[in-house]
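Two complexes follow with chain A in common, the first pairing it with chain B and the second with chain C.
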Partner chain A sequence: MTINLKTSEVPNREQRLGTIIRWEGVASDLVLDSHATYGPKKNCGQQGRKLCELDSPFTQGNMCAECVTIGQGIMIKGSVVIQHSPIGCAAIQAMISRLNRDMTNQRGWKLENPRLICSNLTEDDMVFGGLAKLEQTIRDAWKRYHPAVILIATSCATGIIGDDVDSLSSKLEAEIGVKVVPMHCEGFRAKHWSSGFDISGHAILRQLVNKNPTKKQDDLVNVLHLGGPDIYTPMLAKLGLRCNLVMGGSTMSQLEQLPEAAATAAMCTVLSYLAAGLEQEYGVPEVKVPTPYGLKATDEWLREVARITHREDRVEEVIASEHARIKPQLDRLRKDLKGKKGYIAAGATFAHGLIADLRELEVEVDGVLSFHHDPVYDSNDVEQDMLAEAIQTFGDVPHYTVSISQHFQAYTSLHRSKPDFIIARHNMAALAASLGIPGAQIRFFNDGVGYDGLLRIGELIRRTLLTKKFSQSLAAHSSLPYKQWWLDQTDPFALSRKEVTPEGNSHANFSCQ
Partner chain B sequence: MSTKAKKIAIYGKGGIGKSTTTSNISAALAESGYKVMQFGCDPKSDSTNTLRDGEYIPSVLDLMRENRKVDAHQAIFRGFGGTYCVEAGGPQPGVGCAGRGIIAAVQLLEQQDIFEELELDYVIFDVLGDVVCGGFAVPIREGIADHVFTVSSADFMAIYAANNLFRGIQSYSNTGGALLGGVIANSINTPFHRDILDDFVERTHTKIMEYIPRSLTVTQSELQGKTTIEAAPDSEQADIYRRLADRIAKHTKSTVPSPLSSSELRTWSASWATQLIENERAQQAPESVYAGVNDDN
Partner chain C sequence: MPISLANNELLPIIEDVVEKTNSIEQVRYICSMGSLASVLAIPRATPITHCGPGCANKQMGSIAGLNGYQGGEFYIPSTNATEQEVVFGGAVRLNELIEATLKIMDSDLFVVLTGCISDLVGDDVGSVVRKYQKQGVPIVYAETGGFRGNNFTGHELITRAIIDQFVGDYDGPRETGSVNIWSLLPFQNPFWRGDFTEIKRVLEGIGLKVNILFGQESAGVSEWKNLPKAQFNLVLSPWLGLTTAKHLEKKYGQPFLHVPIIPIGADQTSAFLRQVTQYAGLDEARTEAFIAAEEKHYFNYLKDFAGFYTGYTCQYHLPSLSVVLSESAYNLAITKFIVNQLGLTPGRQIITENPPEEFRDAIRAEFRNIAEDVTAEVDFEEDGYFIHKRVQETDFSDHTPVVFGTTWEGELAKNLKGFLVEVGYPSTDEVVLSRSYIGYRGALALLEKIYTTVVRASTAA
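On to the complex of A and B.
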């Protein structure tokens, strides 16, 4: 689907990409079905079927696109984000503040609290409209902070009453002379929080980039990431390239110069909306190969960046020297980790990347839990399919679970896999610890990227395996809030199977695309 | 054609003849060779029925409920003269939120660039009644419709609804919203009806686009599931709709109306009510006085 910048709202990921949040099976089937439903039938010895999604009668808790959108907005230096919502939505501000301080610290910036204001809508505002309060809040924000940009995040409440945030934003932007940017992130708009990344990417494309770039910077590469330390500048410097690191913490001028760059690389596929938009609108090519996890994907990623930026002459030398540099440590790690069994629980791109990293380290992986699945990306280019690449390079994953960060399903899947350790995001490591499984909690997405990322993950696993006794002690003093019936299950979607026939065949409760 | 479609929103109190008028405008424009889309913004989903032989079509919201990925083309049906018919749809009375439904349906077509892709000359939004919440105001916001027209009879309740709409337009006018083209005077069978509406538009600084008499031809056509343009193309009523469509087609400059305040409206309607009673007392047989106005019947 072409990216449409004429409207301020973004179609959600399920509409654009067919995103699903519940699936269970063999990873290669997910790839085949995704390609059969949405993409060209590539890499398929056999035909896939229509991609189907399981239902669930129960959800343990979740977050929404609004949380992500606000988090993204606040990472723009000098910004104010206004949450145009009732006060309950502002509960997320504590978590966002923590993430933002963490990011600020990692980047070596001055430690500041995010400037995040809630318009605090009440019954009267629901009845009479919330725009007067929003206008007052924008004026207050301007008076108090004189920010570089004012970003407005809408909420479910304002979406239902139909507050015309766009018109008010244009009016006040003209009046106060600073960008006032609406971001339509009502939580009910999308079933997965990652739509929030598209909403912030859309706001950047529509209002924050310099729409009339007068020059090209041939040695500049836009890298879109999820926050954390800047590991990309040194990686690209080896090719004589400079890095414009955005989304996970950037300045307004970095966003303005996005259209001037020679290429854009989205380090996570949830950020690829902005990359696709920059290619469509400004001809900045997107790096359309899997993100650099593991040796092979990192080699290919560097080659693709070099090809786009015309640096093919030096890339092979860089790759060879990097391989040689990491070899001694990589060999040691492989020796230590060979034969261990790991379990991965992470967002889609990260999960795919970790399959590559772990198997490169000769760790066995038979169970993976991914928080969502995109059958295709905004580029519509199947070459970007990281899961296909990972299983083609390293073999299939027999138990691949798509679950929107649901602990009860992660438990079942872990219980089935019985790994030596788990490597995870979103607090899944704590769940594993209560089962006596050592857990490596990943703080930053960037941790596993590139040649050094492979080593970092290897070292993290080695350290984690040393905590086995500690985890077992934790397990001895922990219990899970489930009945024995659930504790005995090995199917994370047992609740979704409607009926079980006498022959033991179950019929899943699902919907197909 | 390469120019942008002219987008028009038609509002009015429920039952005032809004869909009838809108469908006849669409049919008349289509008859003149224009590419027209009629977009019904009413949960009843019956705006476009008379363009399609009385048939209901699946609405945008029906599709959104049934499919995870919606191709907006599936919500577009062809009607009389090649018109493109779309119904936003909405919930059953008493449940859900019809306003949010309009927001979602209009956004879907905007996001998929349907209005540009079909290279339409006219998009006509037929919007339910009063502007009861933000959702019903979507067509008059910046960037959706270019001009708003309201259908009103000389009935005070219909005029109240029109005045309410003027308030909505006035408030959105500060932020780039659509402005008012004028009032389509419907069911005008006596000079007295005409006088009431003439006075109202003068006080609110707008104009009458056309006076449309109440007509049995319209009822007969609707009973066949057709517009008057289609069912009775040679009738005088059809010519009135054609004249209205032509005026709307040629209309370029809309303005900000000056709605009456609640107390002004009350005083104004009371003065007309007094006159109405006096007239009726003075004239024993008002029907005979005004005979001939309704000559299409």
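On to the complex of A and C.
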């Protein structure tokens, strides 16, 4: 789908990419069905059927696009982000603050509280509209901090009452003389939170990049990531490239320069929107190979970056020396971890990447839970498909569950898989621990990327296995809040199956897109 | 005006802003639906949230997951409302979720909480829930849309929903010597679990049967069912719980005792226990015996601590002044203790949870009467910008302050060359399990925390 920068709203991922949040089966079927339904050749001689999504009457809270949009916005240095919402949305501030403090430490920034201001809407505003308060808060943001940019995140409440945030933003931008950027991220508008990354990418493309770049920087590569330590600058330096590390903590001038770069690499597939937009609008080529997790994908990623930036002459040498550098430690890790069984519960890119990392470490993986699935990315290029790549390189995953961080389903799939450890995001590790399974939660988004990421994950598993005693002692004295019939289940979608039909087959309650 | 955008530079605060507005930053409470945490605080009770996809975990993740790292398994049922529910209404979806929740979740009580979406589109949640109530399902509902208030007022809404829709009418006999406790807001205060244990311990020590109602010392819903039988209600907080106590007085004719200051330290706690003894008509000799034993223990430790407190005054710049930026309950309690037990000067007290206007004069009066020879002033402010501004504008020269606050005060405490002790939401530099800061035992832990912080900050890292 072509990216449309004329409007301030972004079609959500289910509209653009056919994103689903519930599916269960063999991973290779998911790949085939995804390509058959949404790939560029759509069913022309391909195997695979129409990609369908399961229903579930039972659902548990997860995240929303607003959380994500806020998180991305506040990491733009010098910004103020306004949450135009009742106070509840601002619960995210504590989490953003924590992340900010950790990143401050890792990236050597100066400690300061994130500039997040809530317009604090109350009952009267629901009746009379919230624009007067928003205007006040925009003025407060300017008076208090003189920021480089004021980003406004909308909320479910303001979406329903219909506040015209766009017009007010334009008016105050003209008056104050600083960019005032609306981000339409009402939680109810997308079923998966990752639409929030598109919304922040959209804001950057529409209002924050330099739209008339006068020069090209041939040695500059845009790396889009979700925050965390900068592991990319040293990686790219080996090819004589400079890294413009954006999204997770960038300055305004870094964003302005995005169109000048020689290439863009999105380190998470949920950031593909901005990468595709830079290619579409400014001809900055996107690195369209799978994200570099594991040896092979990292090799291929470096080769593709080298090809785009005309550095083919030195890339093989870099790859060879990197392999040699990490070999002793990698060998030790493989010796320790060989034959262990791991389980992965994470967002799609992480899940796919960790399949590669774990199997590269000779860890067995028969169960994976991914928080969503994008049948294609914004490039519409199936060569970029990380799951396909992981399966082709390392073999199929027999139990692949797509579940939007649903605790009850994560339980069931863990109960089925019975792994030696779990690597997870979004607090699934705590669940595993109460089942006696050592768990590690990945907090920073770059932890598994590249050659060093492979080693980092190996070390993480080694440390995680040491917590077995803790988990086992906990499991002996823990209970989960589910009824026994569910605790006995091994099918994460048992609640979604319809009654047994007269023909004797049980049918899943699928809905097709 | 040139603005530097280098990574390491702070933006200058350029204009002097004096006027308070609707804006609020460095948020120190969550929304009305955040009272789902209070439901989770009742053993074997489950919240069912009817709201957008991010609401339940945002409230839970911030108030419990990060705030003292009190807990973090996200299993809260939620309708995760989409455009469909916004346009066509969410009652059908809520009904589907309740039905599925009853199938899968093992719980003694379900509390349906609504978010902004449901309250705005006007879902008739009552009629959905009443259908289950008629079938005998232990389920209640409260309309807690985020624009209606914060988690303090939401707490009283869900409490009332449970009392009116689940506990129900009662005109049987009273049980002399039993009490219901209404005190700190669960999870909001990172130390509530340990504090509730200490409250129950000291009240049992003087012979009361205690319905603590929230936390792991609670027996769960059976305790709530027994609530109307109690001899009286004890509201142990400046204002939270008063609305509930007044409701119970009207509903069951049950009297209440209001003690605005949660006791910290031996003097306060002993006085509190004597007050309760007198009010409830308990055995005074038993109370005195309990107090004597507790005080012996407490003052033995305090005597040992004196070696540090008097011996290292020069060496470590021990704090001489307190700045307390917190919810009213801890603000009052800590100020009282710090001034009376340690002799610190009350420097700046700011109450951050936006207590209803009608309770504020009584709170001010308590501060003015903080010690026989000391009065303190208090401000009410919820916007972090002004909380910090007021502190920065205060002259602390000649003093080393100790700041009792939140993670938001990390930078501020450094700039004041003082020490930070995290006591309120959000406390994300503090891991809290069973620690309490109140009563006899908690006071000792609070002293440990304050002076460990001082020593650590004063020696080589």
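Here is the rule we use: the second predicted complex is superposed on the first by the 501 of 513 C-alpha atoms of A that agree within 3 Å, B and C clash if a C-alpha of one lies under 4 Å from a C-alpha of the other, contacts with A are read in each partner's own complex, and residues count from 1 in each chain.
Just so we're on the same page, a contact is a pair of C-beta atoms (placed from the backbone, for glycine too) under 8 Å apart; a residue touches a chain by one contact, two chains touch by 3 or more.
Nothing here was measured: the structure is a model prediction, and the numbers come from that model.
Looking at the shared chain after the overlay, A:87 reaches chain C, while chain B stays out of its contact range.
In the superposed pair of complexes, A:115 makes contact with chain C only, with no contact to chain B.
Look at A:311: by the touch rule set out above, it reaches neither chain B nor chain C. Between chain B and chain C, more residues of chain A are touched by C. Residue contacts after overlaying the shared chain place A:35 against neither chain B nor chain C. In the superposition on chain A, contact of A:4 is made with chain B only, not with chain C. Of the two partner chains, chain B is the only one touched by A:162; chain C is not. Contact with neither chain B nor chain C is seen for A:13 once the two complexes are overlaid on the shared chain.
Contacts of A:170 after superposition: chain B is touched, whereas chain C is not reached.
Residue overlap on chain A between its contacts with chain B in one complex and with chain C in the other: 159-161. Residues 1, 3, 5-15, 17, 21-27, 29-34, 46, 49, 51-63, 65-67, 72-83, 85-86, 96-97, 99-101, 103-107, 115-117, 120-121, 145-148, 150, 384-385, 407-408, 410-411, 414, 425-426, 428-429 of chain C touch chain A in their complex. Chain contact summary for the complex, chain B toward chain A: residues 68-70, 97, 99-100, 103, 107-108, 110-113, 133-138, 141-143, 172, 174-177. Contact residues on chain A toward chain C in their complex (touch as defined above): 56-67, 77-78, 85-95, 97-98, 101, 107-113, 115-123, 125-126, 133, 136-137, 140-141, 143-148, 155-157, 159-161, 186-189, 191, 193, 249, 251-253, 405, 407-408, 426-427, 430-431, 434, 480-484, 486, 495.
Residues of chain A that touch chain B in their complex: 2, 4, 6-7, 9-11, 14-15, 18, 53, 129, 159-164, 166-168, 170-171, 511, 513.
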